[in-house]
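Shown next, in structure tokens, is the structure this report addresses.
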Amino acid sequence: MQQKVAVYRKESFNAAHRLNNPLWDEEKNKIVFGKCNNPHYHGHNYDLIVKVIGIPDSQTGFVMDLKELSDIIQNNIVEKFDHRNLNEDCIEFKGLNPTAENIAIVIYNILKEKINPSLDIQVRLYETDRNFVEYPHHI
Amino acid sequence: MQQKVAVYRKESFNAAHRLNNPLWDEEKNKIVFGKCNNPHYHGHNYDLIVKVIGIPDSQTGFVMDLKELSDIIQNNIVEKFDHRNLNEDCIEFKGLNPTAENIAIVIYNILKEKINPSLDIQVRLYETDRNFVEYPHHI
Amino acid sequence: MQQKVAVYRKESFNAAHRLNNPLWDEEKNKIVFGKCNNPHYHGHNYDLIVKVIGIPDSQTGFVMDLKELSDIIQNNIVEKFDHRNLNEDCIEFKGLNPTAENIAIVIYNILKEKINPSLDIQVRLYETDRNFVEYPHHI
Amino acid sequence: MQQKVAVYRKESFNAAHRLNNPLWDEEKNKIVFGKCNNPHYHGHNYDLIVKVIGIPDSQTGFVMDLKELSDIIQNNIVEKFDHRNLNEDCIEFKGLNPTAENIAIVIYNILKEKINPSLDIQVRLYETDRNFVEYPHHI
Amino acid sequence: MQQKVAVYRKESFNAAHRLNNPLWDEEKNKIVFGKCNNPHYHGHNYDLIVKVIGIPDSQTGFVMDLKELSDIIQNNIVEKFDHRNLNEDCIEFKGLNPTAENIAIVIYNILKEKINPSLDIQVRLYETDRNFVEYPHHI
Amino acid sequence: MQQKVAVYRKESFNAAHRLNNPLWDEEKNKIVFGKCNNPHYHGHNYDLIVKVIGIPDSQTGFVMDLKELSDIIQNNIVEKFDHRNLNEDCIEFKGLNPTAENIAIVIYNILKEKINPSLDIQVRLYETDRNFVEYPHHI
């Protein structure tokens, strides 16, 4: 049986955000989220790597055309989040704290709908080059 | 005559900002600054490289102790700008558009006061890995 | 039972290639492969990361000497593909479209023969820093 | 069932080391470990990436606060190994050859004790940007 | 007098090329250019950094809008050279050996015509991350 | 008059070192050099970038063949310092504190003798990706 290949595409977006739990008071938010709780927001250059897993097509040699994958990410993720305030401008984070974990889950759920369901996907999101997350995880 | 050596230290901070000229109306700001004019802000991971130029001390072999340079940058720049909204939280940008050029000039002017005046300094600021600036320039 | 360690070695090569399916006419190739179908070729700096998985030897502390792994990759992959035209100069791609997926599979099959069969291996190939692939995939 | 997220934190330390097996004579050590056997040591900038796997907490949106993870790594790994000679200064390598594989296993075992046992962890250690290891491996 | 600021924009293109001097015979070309003389070409991911030097505009805070600089590079350089064979497809290299030095000079001369003449420019071109050039040089 | 081009080559070496001034007592060395004064040494992956400045040759299009520059650096610098203890193994640092500044000056002086004297050179040395130096400096 032919083994699967993973293909990856990296895109980037820049956004402002703030970590806050509206069910907690100001003091508890300050203690838990520290500087990330700044009410005026701070921001990041997010690097997003999307992994798509499947068998290469015998006619093209592609698991998926990475130009097409790039377009899907651009149209559905970068258009939505680039140069935005995640808390204020993005419906996806009404009632959801925009931690790197939650942003990755949101991105995964959007992309999952747009990519051929026979292909598994995974999302890696860099908030900085020292802090990053991956979803879903399969150890 | 002994030649000078340049020493460099890199530090980082994450901030939100918005490009806007308050003397212009909303439409003109939108045309000139595009997505960077988003009233709810967006953000970046800024990488800052400070260059200090001088003759190495004969006893230490240092132009300047890079641990000391790191502390100066941490205490005077990172403390001030990290996890902040440059437009809202930082007095330095009241009335000054926080373009990468202007942020670099502000940082240079702060650091110039804190570093031995016999040493020349220069500041390089990365807004993203594709957009960056340097001040002052000497071609 | 002792757990396995993965060790990795990165090497690089520069090559020209062209994506084309000889069973299709020129127009279809142009539509499917776009700029990558240029009949005069284009090229890349390929970065190759080879992962080798096993139990460290109790006497050396090595899963595999990375100097030896480097030599195997240099002698069997870099010698063969560096500064070459994959379509014109490399027998491995006669009748096989040199997509990143297919190059990774070819490299895996060559290296699998050269490395101790008790060790599992995996290949990651960067065509650019934004487009890369991994083979075999185990999610 | 909710899927797990992996979160990652990168830290760095600089250390000297020497590869040597005291059960072997000088000549055999020289043959097996080559330049890495230099009796006066050599050194590296080690980059360490720690991966922690779990379900994000519903109140914080964090698998684990990366500031806390950073502190754990700083206090238990960087404090211990940074600007040290692994062979001479570090009890962990008395009788254990400080190969990248063994350093990664030592770091894993230290961190495993310090992190909530309901969370799986994995360690990646870069000795250089071309040589790196990961422990434990699950293909 | 206000000091100048340098602003930088990085773009990328992938191309095939071959180093060859048509005035020399095959043997001499082989000796001088080695693997780079392969008649079937090889290729690179070129990274291009364009530096523009001037006084920030008092109304925008920009030396030059980096979005505009990006567009100029895309339209005049990337469009022309990306996914091309420099020797075969590009009129600029008819009779000019496409060394990194000559590619940088060609790019500089094209961009010089497209950018406000009151601004000085400089071009840095990475052929690989270990080989790169800068033009014009002012030590 | 034709303008000069700068060409750059990057090489790497790994070494142990210790900062210490033998004219000072132990306590003063500890205060001034901190962790870098560890008597058992620590180490770094040094990245070295050598810049060579000149007019491209009309027959080759090269300021200098970067393969030749690479060989000069390998034979005269990497051979000498790689996998060495700078204080113990290298005559160049007998009586000279191996700060990044002094290592860069030593490297410059060695290379200056080996490269065509009509070409200016400059050396940049990374001790880490956050600490680096350049010699000689011309602002």
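In this document, chain identifiers A, B, C, D, E and F correspond to the written order of the chains, with residue numbering beginning at 1 in each.
Just so we're on the same page, a residue touches a chain if its C-beta (ideal position, glycine included) is under 8 Å from a C-beta of that chain, and two chains touch if they have at least 3 such contacts.
Fair warning: this is a prediction, and the values are worked out from it, not measured in the lab.
Looking at the partners of subunit B and subunit E together, the chains they share are F.
Averaging C-alpha coordinates per chain and comparing to subunit C, the farthest chain turns out to be B. Of all residue numbers used where subunit E meets subunit F, under half belong to both copies. The two sides are thus made of different residues. When the contact pairs of A-B are matched by residue number against B-E, E-F or D-F, more than half turn up again in D-F. Of all chains, the one whose mean C-alpha position sits at the greatest distance from that of subunit A is F. Per-chain Cα centroids separate subunit A from subunit C by 28 Å. A straight line joining the Cα centres of subunit A and subunit F is 41 Å long. Look at where the CA atoms of subunit C average out and do the same for subunit F: the two points lie 34 Å apart.
Residue positions 129 of subunit B each touch two or more of the other chains. By the contact rule set out at the top, the touching chain pairs are A-B, A-C, A-D, B-E, B-F, C-D, C-E, D-F, E-F. Every residue of subunit E that touches subunit C in the complex is listed here, in rising order: 12, 14-17, 35-36, 38, 40-45, 82-85, 88-89, 128-129. Residues 3-11, 53, 56, 59-63, 65-67, 70, 120, 122, 138 of subunit F are the ones that touch subunit E when the two sit in their complex. Residues 19, 21, 23-24, 32-34, 96-102, 104-105, 129-137, 139 of subunit E are the ones touching subunit F in the complex.
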